[in-house]
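See the structures that follow.
Heads up, the next two complexes both have subunit A, just with different partners, subunit B and then subunit C.
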Partner chain A sequence: MNKFCRLILRDIHLVIKGSSDAAAALLFYLLAIIMFPLSSGTESTLLTSIAGGAIWVAALFSSLLSLDRLFRSDFEDGSLEQLALSGISLETIVLSKCFAHWLTNGLPIVILSPILALIIGLDFSYWWILCLTLLIGTPSLTLIGATPAALSCAIGKGGVLTALIILPLMLPVLILGSGAITAEISGLGGFGHIYALTAILPLSLLAVPFLASKALRLGWE
Partner chain B sequence: MQNIFNFLANPSRFRLFSQKYYSYTLFIMFTFIFLGLWYGLVNSPPDYQQGETVRIMYVHVPAAWMAMMIYLSMTIMSIFALVWRHPLADILSKCSAPIGASFTLIALVTGSIWGKPTWGTWWVWDARLTSVFILFLIYMGHITLVRSFEDEYKGARAGAILTLIGAFNLPIIKFSVDWWNTLHQPASVIKLDGPTIHIDMMIPLILMALGFLFFYFSFLLINVQTELNNRKLKKLFIQNFSVKH
Partner chain C sequence: MNKNFLIQAQDLSFERSGRIIFSSLNISLEEGQIIFIKGKNGSGKTSLLRCLAGFTPTTSGKILWYGNEVLPAFYSEEPLVAWLGHLDAIKGSLTVKENLLFFSKIWSVKSNTFNKCIKKLSFEKFMNFPASWLSAGEKRRLSLIRLSFCPAKVWILDEPSTFLDSDNREILIGIMNTHLKNKGAIVCATHDSLKISNALELTL
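Coming up: the complex of A and B.
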């Protein structure tokens, strides 16, 4: 456990030092949300109805953008290989990287979302369901994206290809997350969606470390 | 059973096997599809509500079954490839993907053509339609990923890993019509308490499904044959190159 914490601290340290683009991904989150009122008009009724979806789309893209570099920089400079040789299992390393990614990308998004919901015109009494869906959904986004991110390291190039592979896998999370908000606002109750959304997290937590480490080993073959 | 797996695990033996049986599967496929089309288009009654448009179903439903079945078989083969390192499983999984993507596209397009006269719209964002569309996108992502590797061995294994991640979509597709009560009608053939479809419509449906299944088999065999030939060609090229230089 101590090693696990130290791995996470190392990644957070890298983010603070600025050698990772986590801050840029957060800034992108803000920008992507601003796109919606600018592109679809500033009418408050329209904005209120799309606000939940807009925030979810922005969160998904921000996570997508930063996931491309989840393993890449460490993979390219060889530090990931050194870590794997140090006796810590690769699965643990993958999990710690995912957790660090969530701490630097998912958690700030969850914290920022109520404020942004105000800007974009979501009824403020629904902030709790927005935060709840994001709190459950963003770790799933990170975990689902981890394996394609590892595969993109094995190819040696990323960018559009990684996005193309990750996006369809993330769509169910997006549908359930924004669906919960819409259902809650329309009075149907969003918990049906939230239960399904919650089911994704343990499933991906179970499968992803093995598959992502298989993908990383494929890159070293 | 295990003997068959071991026997076909040898790539060159599989190549001979596929060369031998490819024409048989092609013949069976044509027979079933011809019979199915004849029954479906000529020898079956029109639906009392949908009229003649019900005949689209004889292509749409088997194609949708195949779209899911091929992904399921790809998932099983990927487990074989990753857990037991079966030398042919990842090739089979890789070669199934384009066929599965085609069947998914056929299911989507025919469903859309059927939906216009019946539902009055080409497309709705219903749970079944959306999840099948996501399946199509997953197939396309899989094909793109596999093609982007220069080394085919690595590409096939990467495809196997991605297949397992995408497999969560299968139960969502199968049960989407039961979990969400939206526009697409619930299952009427593959059900626990037996089919609720009339026998005259069941016959062409089953014949077409068998035809599509053998379409999958024959195209899988020819795809795998091509893949194995390509690998062998590359190996021969490298051998000759190192002898000369």
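Coming up: the complex of A and C.
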């Protein structure tokens, strides 16, 4: 088994052992969606029209919550230094961490989304487009958030500051993702949005490992 | 260029926001050599070690590994440097065994060597403890186990003897001597007098 897989397995293991806020982020995603029908009364048409956007916003905040810890614990206890000296390039480490984050945050979000669509009252015949946009969009969310998360290690504090940097960067993904669902429901067809959403993924996949590892190195200086 | 040198630092200087931390330092280590870096608090010992390991870029000067210029040291396929710093890189939520096994697999350490290193620091009874239960001294010993099975030839140690009692200090010296005998090299910053024969010394 190569080092990349070992890194991913280690991160997943750490999430399961509870030294990370992954579960909290997922619970937030669930609860935020459950709040919507409770707060907006009995008018189900209103809820149906905003359902796609609401699920997307909840998914975005959920990944934002867990992204803050993406590098921080490894950076603070020195694991990242040991890993970097182990003959693994920092870019590989960044990619493996992003992949592990997606597996523990993005993938559960995608899997839970049809159930949430039922709760919030999205017409169930559109579950596939909700899943598809989330499946394409969540990896981009993770990747886009990685560089600010790495930068937050360099300046030594995270939380609100990371959120303020990440949110504007994530806007295109949010607009295209929820836009695809709205367009599909209105009969225009959502594939135009989906193509554009798909284009973000390879771009961020190429740029992020270099940017994030540069940010991590800045933190060591 | 002499190929026998494991690590060579030539004319190294380092400034931080205008303050000169150290300047025109030369260090060369052959197989089996050890250098102790001494100096007061704040004299730049840790900065020098971080420069050598490649975490911090130097202001000027060259660092050669095995006679070749590879900068920073972590751009290689194999671990070139074993690093023991102030941070212990131990995950409290994992057990001692899981902590050690991860690195032994990343470094492809043979299970024989792995078990021998654990025995040397008498850590068998801790293996299934969560690492967060360990005291500071025990955590340091855990780091020493990891250090002793690291396949890298050059060790960079920052205050390796902190938190250790006198018995474990002897074990540490034993580990360092074994490494030197196996043609390794050590750069070590310390305030204690660790007795190792033929040691070079550099005072900052």
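Note that the second predicted complex is superposed on the first by the 218 of 221 C-alpha atoms of A that agree within 3 Å, B and C clash if a C-alpha of one lies under 4 Å from a C-alpha of the other, contacts with A are read in each partner's own complex, and residues count from 1 in each chain.
Quick note on the criterion: a residue touches a chain if its C-beta (ideal position, glycine included) is under 8 Å from a C-beta of that chain, and two chains touch if they have at least 3 such contacts.
The model shown is predicted, which means the values in this text are computed figures rather than measured ones.
**Q** After the alignment on subunit A, I want to confirm one thing: do subunit B and subunit C clash, or do they fit together?
**A** Superposition check on subunit A shows subunit B and subunit C fit without a clash.
**Q** Between subunit B and subunit C, whom does A:221 touch in the aligned arrangement: first, second, both, or neither?
**A** A:221: touches subunit B and subunit C.
**Q** Using the touch definition from the top, say if A:85 reaches subunit B (first), subunit C (second), both or neither.
**A** second
**Q** With both structures superposed on the shared chain, find the angle between the C-alpha centres of subunit B and subunit C as seen from the C-alpha centre of subunit A, to the nearest 10 degrees.
**A** Reported to the nearest 10, the angle reads 90 degrees.
**Q** Now for A:18: first (subunit B), second (subunit C), both, or neither, which partner does it touch?
**A** second
**Q** Can A:203 be said to touch subunit B (first), subunit C (second), both, or neither?
**A** A:203 contacts subunit B only, not subunit C.
**Q** Figure out whether A:77 sits in contact with subunit B (first) or subunit C (second), or with both, or with neither.
**A** A:77 sits against subunit C, while subunit B stays out of touch.
**Q** Mind working out whether A:6 is in touch with subunit B, subunit C, both or neither, as first, second, both or neither?
**A** second
**Q** Note down the smallest distance between any C-alpha of subunit B and any C-alpha of subunit C in the overlay, whole angstrom.
**A** Checking C-alpha atoms only, subunit B sits 5 Å from subunit C at its nearest point.
**Q** Mind sorting out which residues of subunit A both subunit B and subunit C touch, each in its own complex?
**A** On subunit A, the residues that contact subunit B in one structure and subunit C in the other are 221.
**Q** Show me the residue ranges of subunit B that touch subunit A in the complex, using the header's touch definition.
**A** So the residues of subunit B in touch with subunit A come to 82, 130, 134, 137-138, 140-142, 144-145, 148-149, 154, 157-158, 161-162, 164-166, 168-169, 172.
**Q** Okay, in this complex, where on subunit C does subunit A touch?
**A** Checking each residue of subunit C against subunit A gives 50, 53, 55-57, 73-83, 85-94, 98, 102-103, 105-107, 146, 152.
**Q** So in the complex, the part of subunit A that touches subunit C is made up of which residues?
**A** Per the touch definition, subunit A meets subunit C at residues 3, 6, 10, 13-14, 17-19, 76-79, 81-90, 217, 220-221.
**Q** Spell out the part of subunit A that touches subunit B in their complex, as residue ranges.
**A** Listed in rising order, the residues of subunit A that touch subunit B are 144, 147-148, 151, 154-155, 157, 161, 164-165, 167-169, 171-172, 175, 200, 203, 207-208, 211, 214-215, 218, 221.
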